[in-house]
Amino acid sequence: MASASLTLAALDAMSTPDFTAALGAIYEHAPWVAAAAAARRPFATVEALADAMRRAIEEAPDPQRHALLAGHPELAGRAARSGHIEPASVEEQAAAGLDRLSEAEYARFEALNAAYRARFGIPFILCVKRHGRASLLRSFEARLASDPETERRTALAEVFRIGAIRLGGLVEGAGPLRTTGSLSTHVLDTVRGRPAAGVGVELHEIVSAEDSVLVARAVTNADGRTDAPLIGGRPVPIGTYELRFALGAYHRAAGHDLPDPPFLDIVPLRFGVSDPEGHYHVPLVATPWSFQTYRGS
Amino acid sequence: MASASLTLAALDAMSTPDFTAALGAIYEHAPWVAAAAAARRPFATVEALADAMRRAIEEAPDPQRHALLAGHPELAGRAARSGHIEPASVEEQAAAGLDRLSEAEYARFEALNAAYRARFGIPFILCVKRHGRASLLRSFEARLASDPETERRTALAEVFRIGAIRLGGLVEGAGPLRTTGSLSTHVLDTVRGRPAAGVGVELHEIVSAEDSVLVARAVTNADGRTDAPLIGGRPVPIGTYELRFALGAYHRAAGHDLPDPPFLDIVPLRFGVSDPEGHYHVPLVATPWSFQTYRGS
Amino acid sequence: MASASLTLAALDAMSTPDFTAALGAIYEHAPWVAAAAAARRPFATVEALADAMRRAIEEAPDPQRHALLAGHPELAGRAARSGHIEPASVEEQAAAGLDRLSEAEYARFEALNAAYRARFGIPFILCVKRHGRASLLRSFEARLASDPETERRTALAEVFRIGAIRLGGLVEGAGPLRTTGSLSTHVLDTVRGRPAAGVGVELHEIVSAEDSVLVARAVTNADGRTDAPLIGGRPVPIGTYELRFALGAYHRAAGHDLPDPPFLDIVPLRFGVSDPEGHYHVPLVATPWSFQTYRGS
Amino acid sequence: MASASLTLAALDAMSTPDFTAALGAIYEHAPWVAAAAAARRPFATVEALADAMRRAIEEAPDPQRHALLAGHPELAGRAARSGHIEPASVEEQAAAGLDRLSEAEYARFEALNAAYRARFGIPFILCVKRHGRASLLRSFEARLASDPETERRTALAEVFRIGAIRLGGLVEGAGPLRTTGSLSTHVLDTVRGRPAAGVGVELHEIVSAEDSVLVARAVTNADGRTDAPLIGGRPVPIGTYELRFALGAYHRAAGHDLPDPPFLDIVPLRFGVSDPEGHYHVPLVATPWSFQTYRGS
């Protein structure tokens, strides 16, 4: 995500064409949304700006709103492959791994996309930044079974989510839009009664029983924490994760005489994320012979 | 393992040929061990019997003891494949999965067997019941680097372990030989303050990062325990294991309103076993948002 | 409690006067209950015998049943003080500490007894073995506010509880009467991954913010347990308890270099008992810097 | 403690008499220490200032240094009672409860003071802000058994500690002097997987088996924490403490149907503080049927 650099003051000072150019890509192929918002300046907060853009869509004539939905690129679709989509879309789809699908996976998306478009007359729209790979496919399948009216509302809600995240990445002070979550950990050594420093940690997304993807890797610092959250500044994609801690190596380095193999060596903590904008703090409290975790704060 | 059925009294009452026939397979291709022990009857305990057989080997002339080692079947070797080994060996190797190797694995064993025999002049001998697949290969490689004198002692110790386990499976009252361990669990629901009944549990042996083998499957009873230990009545093979608890399904059935996916769904507890004759009690103490384990008693 | 020594067979074989003598004290000053049960012999189980005695009371004419209630000794009353009650009552009241009241406490009981008798026309009847000192007084006060019909049923239920416990102490095989509970603990050392042996444990009943009574004292054995439950073979009196573990001394003896004072020295676990016939297992899982407990099984 | 208000810049700009007046009470009855430090201005940091004052003492002629020790007020002594000591001393002794001693306690201090002065020729000097009542008496008794040379060094070290804390309370930016610690808590509800808000918490100092003193009282906020540390901005007096959490009331308010009495009602966590400048974070992780704590970070 591009780091936020535009200020509200700068946006308020722009000409309408400049404003429209600056925010035209927030809603895919629909610069008219930005243009409509331009007329409602000035904005006291980023929330007010986001609201104005959302209201422009909600109050637009049906055909125009339908065109906005219809113009959205398909997930892992031909447009994405050939580059005919907004750069933000390219980045979002890539982050979800949709640019690295196997031929079989690509074919599955093609089939789902076709079925969805046949049923609802618009492409399948999902805020991919909020979903892991498994969740994305489950959502796709679940929504294929929805009724058209519900589905149109769902698609619009996803469009707003995509727009909010893009806005959050572009304009300063967008925190209250609540478009980011976090995933963090810390390790506590209850043999010595202090934070465990130097523990290797990996975060994996569990895609299926056979397939997982390394998301982040870090080493705990003197506070037993990682210097930065393992996921931060963006939504935590819905899915199942596994934190893996190199606890055996830590305890051996601390002078414990462990058996071979140690009772606890690589310790996995598996947990699910359902709220991408939530804060998931998942600590490890451990000795060489025990460990625990909980959703912390 | 055949259930123990012979009694010491019956063994004491046998003719020497019958006794030798009854215990002749305890030491592979070496009925002279049983014959020597026959002369030392009666035995007050199974330990005394095991001791007599061990002493017969230790006090045998070098060439005879060497022949015993040399006559042992190779692991996953040609003799095992063609059936020229004791039925007990067939069963032991099968339990370790050595009868189901891929061609590549079989080739690896062939190479290790050849290298070992070239270096030490005897086949590689290991009490396979005490090892998981990964541990077995690690031991093989580690012992290849040993010196001949140490290795001869190690091989003999393994022969004694094999003999003790076979004896334990054949003769009643062999508990004090300490040839068995156990692996058990129980699940405690600390939301309700009572054992968690009806929780699905699987025990997997973790062979490598990609490969695991289902060892046992059970459902917890009203005491939160499985009706029988997940491993019992035999050594717990050295290795890395994962208990997997269907905690999400349990909590949903208990009426908890869980998110999708739940924070805790399938909960894996990964741990190592280094002492095959030890008792590994690995409980799960859990709520929908926390869990812990420890080596219990 | 006298250890159970009578058998059902012996009771069945007795003459009616002997039977009545043997069981005449089960219901205070009411040998007619035992006499009525004598006519219903033989009994297949102790439960059937208990049932027969209870039915004798339920089916007795009102005045006779009223006389049974009216004849019950008051708690901490003059009869108890002067010895005019059944030896079982003496022992029960003594176990609850009612023979060691201060003058102020004695006066309070006198006042409550008088108020109760004035309101309901019978003495206050409570199965004191099921109550700690604080719970006993709270029950007394709560029942004073009850209505006569409810209270008569409550008094009768307490009479049956007293009878069941006395029967359980007298006749063999009375387990199914469920007249006993238990309170036990064990200590687990998660630094070393094994039971903590040699830990001093005290069990105190917490009577009030200022007042507590030592109930039991023990040292953990090699299994981290006490050789016998801290309370067993009798109801666990309703109340608040504190287990106190000498954890600091244990860890120092185990070679830990603890600060002065240690972070954890005497560790109190405070908990309430509401079900006197329940099994309260309250373990301590600890390191020098952490501990936890839960209601176990 | 008076909130820090003097700046280094202001101190550097003062005349020597003003500087000496401003810092003259840092060392009891010894304004010469401040005067000596005045000559070493300017100071880059408060540490440098503290150091200069300490060096002035260390480099003073023996009789002058001895006079500084000899001039210190006794703990709970006549001077304290009659007001002939620095206001800072009055406040420090009062904070430790030394102005509210019973006659018996006062007599005990008198005896200890007399014995100490007889043995060492100086009054007993202790940085009372770093000690709870029990620890203070234990230190007194332990130091009475020390040898004169060790004791003189110990007394001087305590004088420096007192000076550092007074300086920390007077001059801005004194953090690096490390004259403060903290004691804090938070409560986590693992039934709901979030911080427990609205839990009443009390902190008591445990003076003896019979005697405890309420130190602080708070209610957890939405983060499960208290708005301010229970002890902060000062040393945490060495001693034994008990946190008491109103967990039963919290769970009842959260809709749990608890027995009467609940298994967990008022939960005490007892722990020792040995490092007054340390950070003691002592959380409670709980359900209605389990709880745990650890020294956190």
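The first chain written gets the first letter, and so on, giving A, B, C and D; residue counts start at 1 in each chain.
FYI, contacts are C-beta pairs under 8 Å (C-beta built on N, C-alpha and C of every residue); 3 or more make two chains touch, one makes a residue touch a chain.
Keep in mind it's a predicted model, so treat the numbers as computed, not measured.
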Inset, instruction - Could you report, rounded to a multiple of 5°, the rotation needed to superpose chain A's C-alpha atoms on chain B? - result: 180
Inset, instruction - Using mean C-alpha positions as chain centres, tell me how far chain B is from chain C in Å, no decimals. - result: 48
Legend entry - Inter-centroid spacing, chain D versus chain B (mean Cα positions, whole Å): 59
Legend entry - Residues within chain D bordering two or more other chains: 190, 193-194, 263, 285, 287, 289-290, 294-295
Inset, instruction - Would you identify the shape of the chain contact graph, picking one of line, ring, star, complete or other? - result: complete
Legend entry - Residues of chain D that touch chain C when the two form their complex: 135, 238-240, 259-268, 270-275, 285, 287, 289-295
Legend entry - chain C-facing residues of chain B, complex: 186, 188, 190, 193-195, 223-224, 285, 294-297
Legend entry - chain C-touching residues of chain A, taken from the complex the two chains share: 190-194, 263, 285, 287-290
